[in-house]
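Here it is, the structure in full.
A, B, C, D, E, F, G, H, I and J are the chain letters, set down in written order, and residue numbers restart from 1 in every chain.
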Amino acid sequence: MDKATMTETIIAAKLEKQLSWEQMGKDLGMSPVWLTSACLGMNSAPAEKAAAISEYLGLGKDVATALAAYPTKIWDQAVPTDPLIYRLYEVVGVYGETLKEVIQEKFGDGIMSAIDFSMEVDKIEDPKGDRVLLTLNGKFLPYKSW
Amino acid sequence: MDKATMTETIIAAKLEKQLSWEQMGKDLGMSPVWLTSACLGMNSAPAEKAAAISEYLGLGKDVATALAAYPTKIWDQAVPTDPLIYRLYEVVGVYGETLKEVIQEKFGDGIMSAIDFSMEVDKIEDPKGDRVLLTLNGKFLPYKSW
Amino acid sequence: MDKATMTETIIAAKLEKQLSWEQMGKDLGMSPVWLTSACLGMNSAPAEKAAAISEYLGLGKDVATALAAYPTKIWDQAVPTDPLIYRLYEVVGVYGETLKEVIQEKFGDGIMSAIDFSMEVDKIEDPKGDRVLLTLNGKFLPYKSW
Amino acid sequence: MDKATMTETIIAAKLEKQLSWEQMGKDLGMSPVWLTSACLGMNSAPAEKAAAISEYLGLGKDVATALAAYPTKIWDQAVPTDPLIYRLYEVVGVYGETLKEVIQEKFGDGIMSAIDFSMEVDKIEDPKGDRVLLTLNGKFLPYKSW
Amino acid sequence: MDKATMTETIIAAKLEKQLSWEQMGKDLGMSPVWLTSACLGMNSAPAEKAAAISEYLGLGKDVATALAAYPTKIWDQAVPTDPLIYRLYEVVGVYGETLKEVIQEKFGDGIMSAIDFSMEVDKIEDPKGDRVLLTLNGKFLPYKSW
Amino acid sequence: MDKATMTETIIAAKLEKQLSWEQMGKDLGMSPVWLTSACLGMNSAPAEKAAAISEYLGLGKDVATALAAYPTKIWDQAVPTDPLIYRLYEVVGVYGETLKEVIQEKFGDGIMSAIDFSMEVDKIEDPKGDRVLLTLNGKFLPYKSW
Amino acid sequence: MDKATMTETIIAAKLEKQLSWEQMGKDLGMSPVWLTSACLGMNSAPAEKAAAISEYLGLGKDVATALAAYPTKIWDQAVPTDPLIYRLYEVVGVYGETLKEVIQEKFGDGIMSAIDFSMEVDKIEDPKGDRVLLTLNGKFLPYKSW
Amino acid sequence: MDKATMTETIIAAKLEKQLSWEQMGKDLGMSPVWLTSACLGMNSAPAEKAAAISEYLGLGKDVATALAAYPTKIWDQAVPTDPLIYRLYEVVGVYGETLKEVIQEKFGDGIMSAIDFSMEVDKIEDPKGDRVLLTLNGKFLPYKSW
Amino acid sequence: MDKATMTETIIAAKLEKQLSWEQMGKDLGMSPVWLTSACLGMNSAPAEKAAAISEYLGLGKDVATALAAYPTKIWDQAVPTDPLIYRLYEVVGVYGETLKEVIQEKFGDGIMSAIDFSMEVDKIEDPKGDRVLLTLNGKFLPYKSW
Amino acid sequence: MDKATMTETIIAAKLEKQLSWEQMGKDLGMSPVWLTSACLGMNSAPAEKAAAISEYLGLGKDVATALAAYPTKIWDQAVPTDPLIYRLYEVVGVYGETLKEVIQEKFGDGIMSAIDFSMEVDKIEDPKGDRVLLTLNGKFLPYKSW
């Protein structure tokens, strides 16, 4: 079973059981963001987590195997068009140099890892309009000389 | 004075006074991230903040005027090459669909604003390697029908 | 049912019943522009509107469900080739900087939302050739400092 | 005097006299949007209007000549990055097919001209946040067979 | 029947009947260039012409309906690779600025319409090698101020 | 003297003498289109024509030399943005396949040369709006087998 | 039968009969390079050659018809990735300006035709490593003034 | 002295002495193609050849040093626009797959080197129009397994 | 059997037999990197190696034939998105000029062959985190003059 | 002093003193590859190394400061054209999927860091032609779930 079929299978089961990623994450003890990325095929799940997700949804071993496979991460749009995703791209364009200045001032020359990395989404209720809170947490990796 | 000259002038004054963005933000009562973006010319500063920044650095009225001007936000690289900025772009590529799922599940159909928006950078000390914590806070804007 | 199949199904029903978007909008009490965008899969319809559209066309619940689903908005051509759509793109290219000047002079630093947004198309009859009147109505979102 | 120098000269005079495009348009009896586009070098001004603009700003004949010259309209960014202009581009991407459906249903096969064309910007005050009203008015041009 | 199927059906009938576009145009009283573009799906045919073409080829009503549908004009190659088409693209690249100078000198600031437009292909026999004569005839549209 | 300086020099002399390309072509016995392309640096002029153009405008030998130099033909915009030039590009996109069909039906497999080529611009006066007539005349080059 | 199916059919017959392009060219009295390009669908074969190729391979009339059809020449990769083809692209990049200098010095302003053109591949045996000899032979086409 | 200045210097000296690349190659005992590529800065000249070229043209040691420097080979146009160079690019596009078939049939899996490589340009006089003969000679490099 | 089917067949057999590339390389006496590239269809295998691989996996002659076929090497993403592959691309971007300096200082003007080339992957165990050791070994090819 | 001026200054001093990167690396106890990348402005040097390099070359404090500054790593060519650098890009294209297979088989799901990374260049003398040995050494970073 390839990743695309796996995602379709999982989405169908999730719809049938009327589950949310939030609920699934809570029941399985996993972050909803990570869980979603694994189910969309953009991250591999460790074997026991893959088994747990598959079993929780009442799906077979082939789904667990597909969840555990190492994905090739491909996106087609160098500049994404969906408005929600474009706004994130715009943040990188507008604030990229700013973040470079501030992070490297705080940590020295290096980068924030996108591999040793986690991310959460929270909702802040606000009478003037609710707010989305994204938290990105990545290990700082210093450049080294040799 | 255009924004590019303004940025050069501010960076030179900051170097001479051996200031950090962190320190400047604390002294001026502004977020270091926002302050940096205004000084790099990617945001306009309200008139009184523009005056305060310029005065704090011992610079003239033309710098304050330039800080208050409304910028045209342009970035040349559709796919950024600097490794620190690329990693952020990669996060958008790898997790964009995931964030769309999770945000829209939590909030309904809509987007996170990149205009009514703020961002902070924090350092989490960790013996296995310090971590960068980025917090993005944007108003949720629902799509409307008409 | 995915959005593409939904659009095909709706277009087929509309042809069979010899309806226009104009007529459908009038009968359903919805703007023809918004209605068309929802039927083409570029906007989600609130549940009761989705049900109303589907019932009006004599279609099933799966169409209503597909209308209510949150779309991923993708367009393939960074520069559109169809002459009608290209002319709109040309307007953005030729008048983009002008609109930035005029809007920001009137409202301050900020943008016109494309989310909290509506649009209408009208026909002005004119013996020298009829004219198209497009009206775009978007909330102004000011940049904020923090 | 080329168009770029002309624009710089006009902007400098406008700043010195503390004029707005709105005020200039009212005083000169011209639409502020068209006036701005001519001053930014994206439209040519008929000779008498070019003379009137230049005289009004206390500028010389070379500015009037430059205003009257036929421009080569060039924009560098196939996908604009400035958020205000990008939102307009996004509207073309999201609603392009919709407008094609609705306009061609109303008028037959053809396009809305971007040459025999005018545009206005209005402000709608609203306690929940002011709104931008863009009105585009273009001649309908039918395709012809031969 | 979509435009692609329509084109295939027409080409097959044309081959079977061993017709040329030239002959078809003469018999139907239509320009061979316009007729070809309608049959290739790049122009819509008015209802009576669509019926005439379809009947002439011994094809059904669905072909007439498809010929009359308004096409979405899409081409995939920003720079065409087929040598015959590339040479035309090269002419636009090499002579574009020249045509702008000469047309605008003759007509004022404006464009040649590609909508209110016709084109013919003729053959000039020449012992040193026959020559292709392309004639493009488009309405001049002046820019207007407002 | 390089081609860019040559063009500037010629345009300045032309403006000072209040000449049109039309007039220059008539006086010099050359096609206005070809003459313009040579003066814009997109074609080389044979030595005696180069001398005649330069002398006619009261310019020096360096201009004649530059006119006679073989140009490297470069255009920066794969898709041109100026509306007059874009419309020509659009014609190639919309009618390219049509012209391929019609030309190859008339002449066999081959192309229309863009080198052994000439072009004229004429004005057709018309009470409903003047029309531009472009005539392209290129040698047919058949493919050969070997 | 379209060109793609034709190529598959020919390649299959060639494999079955264990023929080489070299051998086929010799037996049919055609250049192996041209023969290959016709069989790969990048050139049309004159009717009698098309018949000869098809008969030689024991294939039907539909193959001969497809060989004789005029191809639309399309390649997808603006920069080819296959190393053998990339090296040829690299030669054009590195030596393009050089060839322009040398050819135009020898022949005057003009181009080498890619239509009235032939090409051969030879093998030069060499103990230090065999060498490939490509010979391109194209008619010189001078630019003309008019 | 960088390569660009070197080229300008050499071209100026060549013009002053009214030399051709052909003549220079004959006098210096070098291939005109290679000599041109070295003078245009796309190849480095071995020290003694660099000295010979510079001395022959009456230029100084800095020119010889620049000729001997190892160039970084950069071309800006992925698809060249100059017609002479484009035709070569077209040959690669149209005949690339053909050459791959024919070369690999003759030599096995591998490529023709663009480094261990030479090229000549010859003129074939022909009453029907002279012909350009390009000869490319590159070492065959077989792929190896390991 | 084409290369894509061949790869699928091999991967399926490898999974069924629970083999690693490492183990296969060791058992067959081939480098795991080369073996993988041949099985992924990016290199051809000499006939006896192709037979050995196919037999080892219990597959048929068609797999051996496909392994021995000369591949057309195509990759779709000019800038790869998968993080593992992007990091290698980033190394070429960041260190390309450096490698050019160091290699050409050591070897003279020329390149490192990507054809007469081999590569190995090793694992260096390290308590602070294991390290990947890539070794690239390519023949130096000097540029030659002629 | 910016990085570009710094590089020019260092290259000039290196030329004057007739040093090689090899020799400089040996004398300064630094890897020649890293040293070159720092001097070309693609890596920052720790303060004491920056001082040592500058002093060794007889240059001032401003060079040391520039060496220590954190660079913004930018490369303009998504696909590099210089043959030496292109061959490395080709290796990534041809072997990227292979390396992903082999590395992830050996290490699990993750990447080879391009930050915690070093690289060496060695020369292997060989009578059939010397060989370049590139050794890349990067920390393996496993993906983590959260």
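In the analysis below, a residue touches a chain if its C-beta (ideal position, glycine included) is under 8 Å from a C-beta of that chain, and two chains touch if they have at least 3 such contacts.
If you're wondering where the values come from, they're calculated on a predicted model, not measured in any experiment.
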Between C-D and H-J, the pair joined by more C-beta contacts: C-D
Pair in H-J, B-C or B-D that repeats A-J, with over half of contact pairs matching by residue number: B-C
Euclidean distance of C-alpha centroids - subunit A vs subunit B, Å: 23
Mean-CA-position distance for subunit E and subunit B (Å): 51
Centre-to-centre distance between subunit C and subunit A (centres being mean Cα positions), rounded to whole Å: 31
Centroid distance [mean C-alpha coordinates] between subunit I and subunit C, Å: 49
Two or more partner chains touched - positions in subunit J: 72-73, 75, 78-79, 81-83, 90, 93-94, 97, 100, 104, 110-111, 113-117, 141
Contact set on subunit B toward subunit J in their complex: 77, 79, 81-83
Subunit E - residues contacting subunit F, complex: 20-22, 32-33, 36-37, 40, 42-43, 73, 75, 78-80, 82-85, 87-107, 110-114, 117, 119, 121, 123-124, 126, 129-141
For the subunit H and subunit I complex, residues of the former touching the latter: 30-31, 34, 38, 43-46, 49, 70, 72, 97, 100, 104, 108-111, 113, 115-118, 141-146
Contact set on subunit B toward subunit I in their complex: 79, 81, 83, 86, 90, 93-94
Subunit J - residues contacting subunit B, complex: 72-75, 78, 114-115
